[in-house]
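The same subunit A turns up in both complexes below, where it pairs with subunit B and then with subunit C.
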Partner chain A sequence: MRALRIELRRSVALGIGLALLAFGAFTILAGGYFRYGGWAALSYTLRDSLLILWPLAAGAGAWQARREQSRGVAELMTTSARPAAAQLAPVAIALAVTVSLAYLLTLLAGSVRLWLSPAQPYLTLPGLAAAGVGALSLITAAWTGLAVGRAVPSRFTAPGLTLITFMIGAALQEFDLLSNTHDPGLLLATISAPYQQDWVQLPLSLSALQAFWLTALAFSAFCFTLARHRRGRALAVVPATLALMVTFPLLPAPTPDGWDTAFREDPEAMRPVCAEGEPRVCVMRVHSGLLEDLTPPIRQALKAMETLPSAPTAATEVRAESGSPDRQTLGFEIVLGAAGRLEEPGLITFETLREAMAPACEPPSDASFEDYSDRSLAWDLAGTWLTDQVDAPRGENWPDERFADAYAALTALPPQQQAEQIATYYRNATGCTGDLRADLLADVTGTVS
Partner chain B sequence: MRSVSAAETAPTQYAWPVEAEDLKVRAGRTMAVDGLDLRLSTGVHGLLGPNGAGKTTLIRALATVLPPAGGQLQLLGRGTAKGSDLREIRRELGYLPQHFGFYPRFTVREFIEYMAWLKEMPDRQVTAAGQRAIDRVALSSHADKKLKALSGGMLRRVGIAQAIVHDPRLVLLDEPTVGLDPAQRVGFRDLLREIGGDTCVLVSTHLVEDVSAACSNVIVMASGRQVWQGTPAQLSALGGPDDPGDSPTERGYSAALGQAGGWG
Partner chain C sequence: MLHLRARHVPQALAVAFAATTAMWLGWLVFSTGEQIGERISALSIALACVAVAGTLAGYDESLDETGARPWPRVRALHLLIAFALLSGLFAISLLTPMRFGPLGFLIRDVAGALGLTALTAGALGSQRAWFGPVVLSAVNLFWGAPDDRPMLQALTFMIQPADSIAAGVAAAGLAVIGTLAYMRRPRRPATGL
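Our next item is the complex of A and B:
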């Protein structure tokens, strides 16, 4: 313990731990998918940041190894009674403790932030295992750096190794260098996911596979650092080589567009949790902490749609890429903002209704630009009419210069006629029938041409 | 009160802490120690010789850094071929290399304690032993300074402290007085005499006056062999008025080398 305490103070372990902690904190605070999710997104965002953290830890290990070589301490170490493995242990453990703690503390800080938010963390064993693999990956990085630094004790080794491991990591993520049937990026435990939402998870089997490989690599690196001769170094790489031969064929394959398919949907995270009372409003289990805040504006949306034909009588959370489960159920998407809170809570009703009024079908293949433009205008008119929130933002093409005049013309019609036109639009928009332009814009055509 | 180490109370199982017979040791491609016979008992032994005589190679072999290339070597009653014997020898061995390496960010105290830990000293004894070693080399007022802030002479004293922190039975010091000022050298000689009371100490040096002042036995090496061995008084008596040197011991040293065929 004494040697470990000294190494924790005097080696690069503390410095690299603080550097990783700072970078990790920057990652989760300043950007990344964590902004849009909960604990799982936090965990996977940090795994994504291993692309940077891994090379930094490896470089620190190499820098540490140079200390023993460059200061001529090797001769003193040789004549000491402690076996070489015991001599190496304090510095190796100090590095392992600080890099893994930095990773886990970053995770903990993000978790505390989530706990203080309405979207309470949804912890699962696979999620915890994924976090553990991230920490293990950093230990492996530091020990690999120790081994490389011991083998090549040059001042250029640490920066060189940092650069090379970053390039390898990026290449493994971006290109199928080794294989087009298995994702080699998973070997460093980095993740490149098209979406990092709370209802997906890395399966336990994958985490176990990665932990097996990373442990073997760390063991090989430790032995390589100890080895004094070529034969010892050759033997040291055997465990990692064998583990690679076992692990690689079992890694999941990337999709043709390059994204890995390691993620699986988590049925428990997606299980609906509903608010008390009617009409029924449900969210995914993982967002249950937001149900209380969501229920009033969603029920307001349902009430606004009451007069529409075949109006939905319940609402449930849906994913961005999927629509409402059926005509009787209003689907809505939860968009989380900073600290896991609802993004723009004052616009929930409006956004939900606007999405509900979206045309279910694409226009005909021979549709002109004007057709697209008019369909979009009709959609905006219908969505706005239900809440009368004229000034609500509507995306990147807003403001549509024609909207104000068209909306004024629509609301100038007798109330009964307004309601009939909106109902007709809704029926045809959701049923893929009729001409959406004619449904809503016929009586305001003079103002929108 | 000074604590008593295990080394001081344990019975010795050997007649000679260092016993070499026809010892050969390579330094690179050169047989730097070539057929050396040597027996050292408890006490302070000075190792003299010109550059290239094989002093550092011999010290490194006795420190178990270099393996013998031939002959017999017994240290503290054990051979140096088996790993288990080497570990026992190293536990009782204190060594200051000619080129002393250190961790610049460590404080003096941390470094000494770290080296005590490397020597497998029981953890509960390390703090007191470290302080005692620091006191013995008169570095108490610098104990919490970082090594990178120390002068060359102070670093040499740190090197001596790490070599004696665990009260070893065999102490090997290669050029320990390099960088020490005259007052520090006098203090160091006193320390050597104190350690040599119950320990076998071998000091390699260029400075003949250190040997005459602190050693009970002198070994002169040339061309990888021992060419003369005796007390400092015998060495002084060896020299004549025509031998080069400013003191009787230096003239004796020159005479010993002359008898062996020159300066190597």
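Our next item is the complex of A and C:
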């Protein structure tokens, strides 16, 4: 214990721990870089930061290994009666403690932030496992660094190792590498969680597989650092090699779009949870903490659509890529802001209505550019008319400079006629009938263009 | 020659050359484009600068001080030669089917990263000179994307397009300040690490 305390003070352990913590805390607390709506999603998202943390921990290990050698005490130490493992253990444990603690403290910071938000925490076993593998992987990184630093005692080793592992991580993101049947990227602990998709989970089996491989690698690295002769070093590599041979064939295949490979849908997270009262508003279980904030603006959207023909009577959360389940149900997406909160709660009604007014069908294949821009102008007019939020931000998909004039022309019509125009548009847009531009824009564009 | 060997220059040259060639070769094999991704290019340049960082001092900086040499001039010359060598090394790729980036990009990144290395050497001691480029690489890798905001462009100058003004200014500033800081002799005594 005394040796461990001394090593904590005089090795690089404390420094690298603080560096990792500073980096992790910055990603979690500042900038809203990570978006997550549940604890499991936070745990997966944090694994992304290992792209940076892993190489830094490895570099610190390599630098530490050089200390022992550059002081010229290595030979002296071999004369001591203590076994080599007992000599190495304090510094290896000191490194392991600080790097893994830095990761867990970062996670804790994110957790506190999540608990302070209205979001439901949604703490799951696969999420906990993913966090454990993340912390473990940093221990592996530091010990691998120790081994590499011992194997290549040079002043270029530590920075070189850090930058080369950076490159490997970046290269794995740039290329769909090598294997079509097993994703080699999963041998690293870095995993990019799918953006804003809180309903996924990292299967426990994969976490177990990664934990097994990372533990074997850490054990090999520890033994390698201990070994004083070539034979010992060769023996030390055996556990990692065996683990690699077992692990690799079990890794899932990569998908064409890369890093989301490992994630699967989580049925429990997707189970609908509904608010009390009518009309019915439902969200996924993982977002049930946000239901209270969401229900009023969504009911407001339902109310705005009341006058439309066969308007929806209930609403449910949908995923970004899938639309409403049926015409009687209004689908809406949840856009997350920083740490478990909603992004722009004031725009929920507007955004939901605009999505609801989207044409259900693609335009005919021979449609010209004017057809496209008229369709989106009509869509924008209809979506805006329901809330009358003319100044709502429209994003770069709505560049039509005719909007202001067209909207003025539309609202200049008698109220009854306005409602009829919108109803006709809605019927045609959702039913794939008629000509969207003719229906809504005939009167309007006539006066504009 | 002895001076160069004491500063590990042969090893540094070997490291810089081998790493750059390996990156270039790897990209040639795996990619179909004709330019290496800017994140990998920036990392390659940082790696070469880290190799230079190993040559910024001998075994012990305080020993250097005892030599009656015009140290500021020697140090400035050292940086200048390193800059020329690295720029040349990366510029060679312009003649091949796979380049690290346009010439302006390469020169800006080498100048900026080398300046940061020298600045770190001046502030923390030459043994720790590689902290600067490694931390900058981490920032580039994590937050690096072309961005409109000048502050962010300056921070991640190594991966910005060659015509970014903020990135160019940041690199030039680092080059000048770094050279001055390193000429003015490192303050920290060597600790042996």
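Brief remarks on what is shown
Here is the rule we use: the second predicted complex is superposed on the first by the 419 of 449 C-alpha atoms of A that agree within 3 Å, B and C clash if a C-alpha of one lies under 4 Å from a C-alpha of the other, contacts with A are read in each partner's own complex, and residues count from 1 in each chain.
The rule is short, and it goes like this: a residue touches a chain if its C-beta (ideal position, glycine included) is under 8 Å from a C-beta of that chain, and two chains touch if they have at least 3 such contacts.
What you are looking at is a predicted structure, and each value in this text was computed from that prediction instead of being measured.
Once chain A of one complex is fitted onto chain A of the other, the partner contacts of A:Tyr44 are absent, as it touches neither subunit B nor subunit C. In the superposition on chain A, contact is made by A:Gln87 with subunit B only, not with subunit C. Contacts of A:Gly59 after superposition: subunit C is touched, whereas subunit B is not reached. Residue contacts after overlaying the shared chain place A:Arg155 against subunit C, while subunit B stays out of touching range.
Counting residues of subunit A touched by each partner, subunit B versus subunit C, the larger count belongs to C. Once the two complexes are overlaid on the shared chain, A:Arg67 sits against subunit B and subunit C alike. Contacts of A:Phe23 after superposition on the shared chain: subunit C is touched, whereas subunit B is not. Shared-chain residue A:Met77: touches subunit B; no touch with subunit C. When the two complexes are overlaid on their common chain A, residue A:Phe166 makes contact with subunit C while staying clear of subunit B.
The residues of subunit A shared by its contacts with subunit B and with subunit C are 67, 71.
Considering their complex, residues 60, 63-65, 87-88, 90-91, 93, 95, 97, 99-106, 110, 113-115, 117-120, 123, 126, 162 of subunit B touch subunit A.
Those residues of subunit C lying in contact with subunit A across their complex are 8, 11-12, 15, 19, 23, 26, 30-31, 37, 39-40, 43-44, 46-47, 50-51, 53-54, 127, 130, 133-134, 137-138, 141-143, 192-193. Residue ranges on subunit A touching subunit C, taken from their complex, read 23, 27, 33, 49, 51-52, 55-56, 59, 63, 66-67, 70-71, 154-156, 158-160, 162-164, 166-167, 169-171, 174-175, 177. Residues of subunit A touching subunit B in their complex: 1-3, 6, 9-10, 67, 71-83, 87.
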